[in-house]
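A short worksheet on the structure shown next.
By written order: A, B, C and D. Residues from 1 in each chain.
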Amino acid sequence: MDVMPKWADVILIPLISILLAAMLSALVILAIGESPWAALKLMVDGALGSTYGWGYTLYYATNFIFTGLAVSVAFHARLFNIGGEGQAVLGGLGVALACLYIPWPHWSLALIGACLMAAAFGAAWAAIPAFLQAKRGSHIVITTIMFNFIAAALLNYLLIGALKVPGSMEPATATFPPATHLPSFQDMFNFGGTTFFRGAPANVTFFVAVAACVAIWALIWRTRLGYELRSFGHSESAAKYAGISPTKIIMVTMLVSGGLAGMMAINNVQGEAERLVLNAVEGAGFIGIAVALMGRSHPFGVLLAALLFGFLYQGGAELALWTSIPRELIIVIQALVILFTGALDNMVRMPLERLFLAMRRAKQ
Amino acid sequence: MTAPAPAIELKGISKAFGPVQANKDISIRVMPGTIHGIIGENGAGKSTLMSILYGFYKADKGEIFIAGKKINITDSQAAIAAGIGMVFQHFKLVENFTVLENIILGAEDSGLLRPSLARARRELQALAEEYELNVDPDAVIEDVGVGMQQRVEILKALYRRADILILDEPTGVLTPAEADHLFRILENLRREGKTIILITHKLREIMDITDTVSVMRRGEMTATVKTAETSPAQLAELMVGRKVLLRVDKTPPVIGRKILEVHDLNVTDDKGVHRVKGVSFDVHAGEILGIAGVAGNGQSELLEVLGGYERATGSVRMNGADIDLTGAHSDGQSRRAHGIAHVPEDRQREGLIMDFEAWENTAFGYHHDARYQRSRLFMDNQAILRDTAEKMARFDVRPPDPRLAAKSFSGGNQQKIVLAREIERNPDLLLIGQPTRGVDIGAIEFIHQQIVALRNQGKAILLVSVELEEILSLSDRIAVMFDGKIMGERMPQDTDEKELGLLMAGMTTAPAGDPFQAVAQNLAYAGGDAVKGT
Amino acid sequence: ADPAILFDLGGKFDKSFNESAYNGAERWATETGGTYAEVEIQSDAQREQAIRRFAESGANPIVMAGFSWATPLEKVAADYPDTSFTIIDMVVDAPNVRSVVFNEHEGSYLVGMMAAMASETGTVSFVGGMDIPLIRKFACGYAQGVLAVNPDATVIANMTGTTPAAWNDPVKGSELTLAQISQGSDVVFAAAGGTGVGVLQTAADSDILSIGVDANQNYLHPGQVLTSMLKRVDNAVYDAFTQGEALETGFNVMGVANDGVGYALDEFNADLVTADMQAAVDAAAADIAAGTLAVHDYSSDESCPALTF
Amino acid sequence: MDFATLLQMLDATLRLATPLLLACLAGLFSERAGIFDIGLEGKMLAAAFMSAAIAAVTGDVWLGLLAGIGASLVLSAIHGVASITFRGNQLISGVAINFLAAGLTVVVAQSWFRQGGRTPQLSGDGRFNPITLPFADAIRDVPVIGPIYFELISGHTILVYLALAMVPLTWWILYRTRFGLRLRAVGENPAAVDTAGVSVVGLRFAAIGICGVLVGIAGAYLATALQAGFVKDMSAGRGYIALAALIFAKWRPWYALYACLLFGFLQALSLRPDIITGVIGFRVNGQFLDVLPYILTVIILAGFVGKAIPPRAGGQPYVKER
C-alpha cells in the first residue's frame, strides 16, 4: 500500500532534500566568512542575469542532461553506472576521430556522424563492465570505477602520442576543421544586429539533449524494451519468469547508458572546445549521478535537475571569478545533493511517511 | 496449592507495519511444560507475534510476563536472558560458518574465541546425547541439509539455556522422517519441563502434539482452546471465520490428445544439487494432472523448467514439437509461443511486479503480443488499460482499478490478476503452482472454478500444490513427487490421503518396522493442509 | 582601467611560476598604489570564460601566466580588439597580444654549471613536471651546463607525468628524488611547479642539494637549496602592468641578456655558493649575453645534444 | 638491476604501499561487516588535509594525526548514518563522501591558509620523521642482511610499522576474537547476529569506526609522513586502488598485504622507467603501469583468476520491517 501520495514522492521529497543541501552549503559559505545571500545573488546574476550567463548555464546543463540520462536509464534497470565519466571520455575520442579524419561537407552531417561515433565509443566502454556483470556477476559499480581510470589513462596515452599535435605543449588534438564547428547560440540567435549569448559556448547540442530526453522517455515508458528494462529493474526473478533475458537487458541498458554518456562529447568536445583536450569531461559523468537522483530518474526530472546544476556550475564559476569562494564549493553542493537525495533519502522520507500515515489515520 | 504462574503471558500486544496492522490487541497464556500451538492463515500475524516475544520486533503496545514477572523485551538479548529461544521460519544461520561458530555467536564466554569454542564443543556433545540432536560441530552450514540446520537452530536455543522454545513452521521444509524426528525431540524437551510454542498450518500436527492451541485471524487472536477439547473442523472454522465447506463441482473429464510429454527430465541447480531425477509423464487435453508432494521435492524446479526459466536435460514435447531445454530459445517467451501459460508458485516474486500498476502487470510476459502494440516501435498502453479493465471485471478483482499498484491488492486479488492474465491467453497448457497459497476462501472458490472451467474447455492443466485436499478435489490424475522422482500415479477416485501421504514420504508400501507409526506420521502431512485448501 | 592577471592551475601561491607572476603584480600594486583583478582558475574549462569575463568587465591589459592560455586566447583575442593581452610562455599571433617567452635553457645552463661544481658524486639530476617541450628545454639547458663543467658527469632526468596533474604531485616528486638519490645524485633541479615542493623537501630530508625554479625558492630550506633558476615572470607581469593599456604588443624574448632569466643568490645560499662557482657562472652568463656562448634550445628542433629522454 | 637498486625499489614499495594497506584494511573492516565503502578516497583526503592543517597550526604531528582521524571519523559517521541508520544506498553515500571531501578540503584550505588549497609546509615535529631501528647502523655493513636491514627495514616512519603490524592484528581480531566472529557474521547474515541478541547497528558502527580510524591514519601518513603538507587532491586515487586491493585480496588480511605490496611495487616501478627498460628490454608506457592495478582487479572480478566473493550481506541495508 502506498503510504504517501505520489506528488509527495516526486516533488516534496526532492524539494526538501535540495533545501537541506542548500542550507548546509550556506553554512559552509558563512563559515569561510562570506555572505550566502550575496553569493546567491552573484550566482543568480552571473548564471541567469544575462543571455551570456544563460549561454553558459545551458551549455553545462547540456552536459548534465546526457550524463544524467545515462545514469537514469541504468537506474531503471537497477544498475548503478558510475562509469559515465570514462564513457564520456571515450565518447570524446569518438568525436575527435570523427571530426579529424572524416572530411565532412557540412556541420549538420558532422553532427550526425559525431553523435554516432560518440555513442558508439561510449557504449563500447560500457560494454565490457556490462558483459562482466551479466555473464560473470562482477559488480558493475567496481568495474565501472576501474574503467574510469583506465579510460583516463588511455586518453592520456593517445593525446601525448598518436593524436598530439607535433610541437604543442598541451596534450590535445588539433583543432577540428571549420566544417565540423557546430553553430553556437550566438550564431543562431542573432537577430538584426543584437547578438544574444555572445561568447557563450551553448550550442545546437542543447536541442539534441532535449531530444534525447524525449527519446529516453519514450524508450522507458512506451517501448517493449523500456518495459522489459523496468521489469528487470523492479524484479529480476519476475523478469526471468516472463522470459526477459537478464543478459540482454543488462547489455542493452548499459549500451544505451554508455552511449548517452558518450554523446555528451558532442557538446563539450565538438561544440565548445572544437578539439579534444585531456580533462574535457570535468566530472560531468559524476554529476550525472546527482542529476539522476534528483530528477528521480525521469527524463523530465533530469532536464530540470540538469538545469539546476548548470546554474550551479555557471554561478559557481562566477563566484570563483569575483569572490574568494573557490569553485570547489560547487563540488560540495553536488556532494550534499547526492547525499540528501540519494543516500539520506530515508531521513527525509520516514518522517514524512509517518506524517502522512498519521494524517490518514486521523481522517478515518 | 495455587496453580503455577504461566510460563508466558502476553497482554494486549499490538503491532503495525506501516499501514498493515499485523497484531491487534493480542493476549495469550502458556503454562510451563506444555506445547502450545498457534495456527492461522498466511499473514494472520503468527510470526509477528512470536518475533515480538523474541524481541526481534518491538510491539507498539502491550506487556509481556515470563514466569509471572513482567519483563521489558527490548531486543533478542533480553529475550534470551529471559530464557526464550526461537527457531525462525527462515533459519538465521551464517552460511559459511561452522555449526560450532553459529552456536556460540552472541553467546561467547569471553573476548577470545578459543575457550568458548572448546566449551561449546563439550556441551554440544552432552546436548546431543540428551535430546537426540546429532550434529557435526565442524560442518559448514551451507554444506548440510535443512534438517541438520534446524537442529543447529534448536541447539542454539538450548545452548543459551532456553526454557521456552518457539518454533515457527518447523515442518514446512522437512521430510516426513525429519519431521518425525523433530517431534520426538519436542516430546523430550517437554518431558524436561521446557515450554514450547509451535506455529504451524497443519492441523494434524496441532492435534498430535500440542496441549493447547490458539487461533489467529487477520492479526487477532480468535480463540485459545485445549487441544483435547477441539476438533480439526472447529479449528478450521475459527481460522477462516466461517464454516468451511467447499467442494469443486466437476464433471468427469473428457480426455483428449496428448498435449505435453515429459521424458526423463533432469534438473541440477546452480549449487550442483540434483533436483529433478529422471521424471517422465504426460498431460492430455481436458485433464488436470495434480502433482502432490512436500515442498522442496523438485516440484518447483519442474514448473520452472516447463515455464522456461530453469535449464534441464531430457526431452519435453509440446503438441508433438520438441521444446528447447537448454539453448537460446529456452525462456518464458518461447514457452508462451508454444501455448504454455504459467501461474507461478510465488506470485509476489515472479508472477507480478509489485511496484507496477495492475495494467502493466496484465501485459507482463505477453508484452510482445500484437494487440498491445501501437506500431513497430511503441506499445499501445491504452489497449492494455482497456484489456485490463475488462479482465478485472470478468475476474471480479477488487478494487477494479487498473491504475493501482500490484502491491496494493490483497493476496487473493493479486492471484486473480495473474490468473486472468494467463488463462485469458487461451493456452493449450496451463502450469499452475500453489494456486491458493495465501488466498482467502472466497477467492479460492473462484480460482478453483476457473481452473476446472479451463479444463472443461479441453485444455491441459498441470497443477502443483502442497495442499493435498486441493490436489484431491481438482485433479483428474495425481502424481506424487518425492526427492526429485515421481513415486507413483493414482486416480483420485482410487486413492486417499493415507496412500498419497505414504508416497509423499517416499514409501510405496507400508514400512516393515512400525507401520502404524509411519502412517500416522504421514497423515500429519497429508491431512494438515487440507483444511485451508477446502 | 585596472589591469588583470590570470594565474595558471597551480594557483598564485605555488611558490614558483604563478607566485612569481603574483609577485610582479604585487610589486606594481605597491609601487603605484593601483589595484588589479585576478583569478586562479581550477580547471581548463574556465580559461575562455575567465578571459571573456575580464575583457567584458573592462580590465586592460589582461596578463595570462602559462602556455595553456594560448588556445583560448587565440579564440577570444579578436573579439576584444580594444583590450590588450599579454601571454607568458607561449606565442599568440594577434595584433592586440604581447607574447613573452623566456630563454629557460640559458638560465638552466647556469644552474647546471653550479650543480656540477657542487656535486661530489659526479651525478646530478633533474625532476620535471609534465613532460612537454618547455620542460625538456629546462632539462636540456641544465644538462649542457653540467657537462660544460664536468664532461664525465651523469645527468639523470625524470618527468613526473604526462598530464597537468604532474604539476601538483609532490608525493611522486619526492619518490622520484629518492630514486635519483639511490642512483647517486647529490644535486637535484626541480622544474615541476607544485611537485617541486616535494622534490626540495626530500632533498633537504636526505641531505643533498636542490635547485629551485622560477621564483627564488632558496628560503624554503635555508642552506639546502643550492640556488634557484630565476625566470623573471614577475618582471614580465610588472612590465605589462606598467605599460598599461598602451601595451606594446608583439613578440618578446627574455633571456640572460635582458635579465629575463638568471640564478638566485641570497643569504639562504650564500654559504653554498663559492666564489669560484660564482665567477664561473657569471662569466658564462656574460658570454651568453654577448652571444659568444650558444646554449642549445630544445624547442628549436626537439632534440638535445646533452641528454636523451 | 643491481642489489642496491632492488633495495631502493622495495623501499619505495613499502612507502607507497603503506597508505594503500591502511586504507585496504580499513575497507576490510567495513566491508566484512557488510558496509561497502567506496568513500575511502574521500576519507583519506579529508584526513590528509586535517592532519596537515592541525600539524601546521600546532606544530605537533600527533595532534595532526588525531585531527586527521577525527576528520575521517566524521565522514565515517555520515556514511554510517546514511547507510546504517537510514538504510540508504551505501554506494551512493560513498560517492557523496568522496565529493564532499574533494570539495571541502579545498574550500576550507583556501579560506584557512590562503595558499591555493594547500597547507603550509611542515617541518620538525610537525611531521613524522623516519626512525632508525636498533642496531641499524651497527650491522649496516654486514653483507646482504646489513643493507636489507638498514635500507629496507629500518628508516621508515612509525606509521609504516603500524600499518604492517595491523595485518596480523587484523587477522587476529577477525578470526580469534568474539568481536571478529560477530563482525564477520554481520557481514554475512545480519539477521543471525540480531536474533543471537547482538546489535547489528552497534557492530556495523563499530566496524566503520575502525575503518575511519585506519583510513584516517592512511590520510595522515600521506600528508605528514610521506609528504610535508597537504596539496589539493593528494590522495590521487589511492582510496580506489585500496578498494581494488581489497577485492584482489578477497577480503582477507594477509592477502591484503600482498595485494597492497604488489600495487605499491607497480607504483614504484612506474617511477623508474629506466629499470623497466633495463629489465625487459623495451619501454613500457607509464600510464599502463599506473592503471595496471585497475586492470588486474577487473580481471580478478571477472573471475578468470579465482573468484572474489564479497561478504554476502555486503551493500544491503539491514531491513527488518519493510
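One rule holds in what follows: a residue touches a chain if its C-beta (ideal position, glycine included) is under 8 Å from a C-beta of that chain, and two chains touch if they have at least 3 such contacts.
Here the structure is a predicted model, which is why all the values come from computation and not from measurement.
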Path length in the contact graph (chain B to chain C, fewest steps): 2
From chain C, the most remote chain by mean C-alpha position: B
Interchain centroid distance [CA atoms averaged], chain C/chain D, Å: 35
Distance between the centres, which are taken as Cα means, of chain D and chain A, whole angstrom: 30
Between chain B and chain A, distance of the C-alpha-averaged centres to the nearest whole Å: 46
Numbers and ranges of chain D residues touching at least 2 other chains: 117, 287
Sites on chain C at which at least two other chains make contact: 162
Residues of chain B touching at least two other chains: 18
Chains grouped in pairs wherever the two touch, ordered by label: A-B, A-C, A-D, B-D, C-D
Partner chain B, residues of chain A touching it in the complex: 1-3, 218, 222-224, 227-228, 230-231, 234-235, 237-238, 240-245, 353, 357, 360
Touch list for chain D against partner chain B, complex: 175-182, 184-185, 188-189, 191-199, 312, 320-322
Of all residues in chain D, those that touch chain A in their complex: 38, 78, 81-83, 86-93, 95-100, 102-104, 106-108, 110-111, 117, 237, 240, 243-244, 247, 285, 287-288, 290-291, 294-295, 297-298, 301-303, 310
Contact set on chain D toward chain C in their complex: 4-5, 8, 11-12, 15-16, 114-118, 121, 222, 226-229, 231-234, 236, 268, 271-273, 286-287
Chain C - residues contacting chain D, complex: 10-14, 18, 40, 158, 161-162, 165, 168-172, 174-176, 178-179, 182-183, 194, 197-198, 201, 220
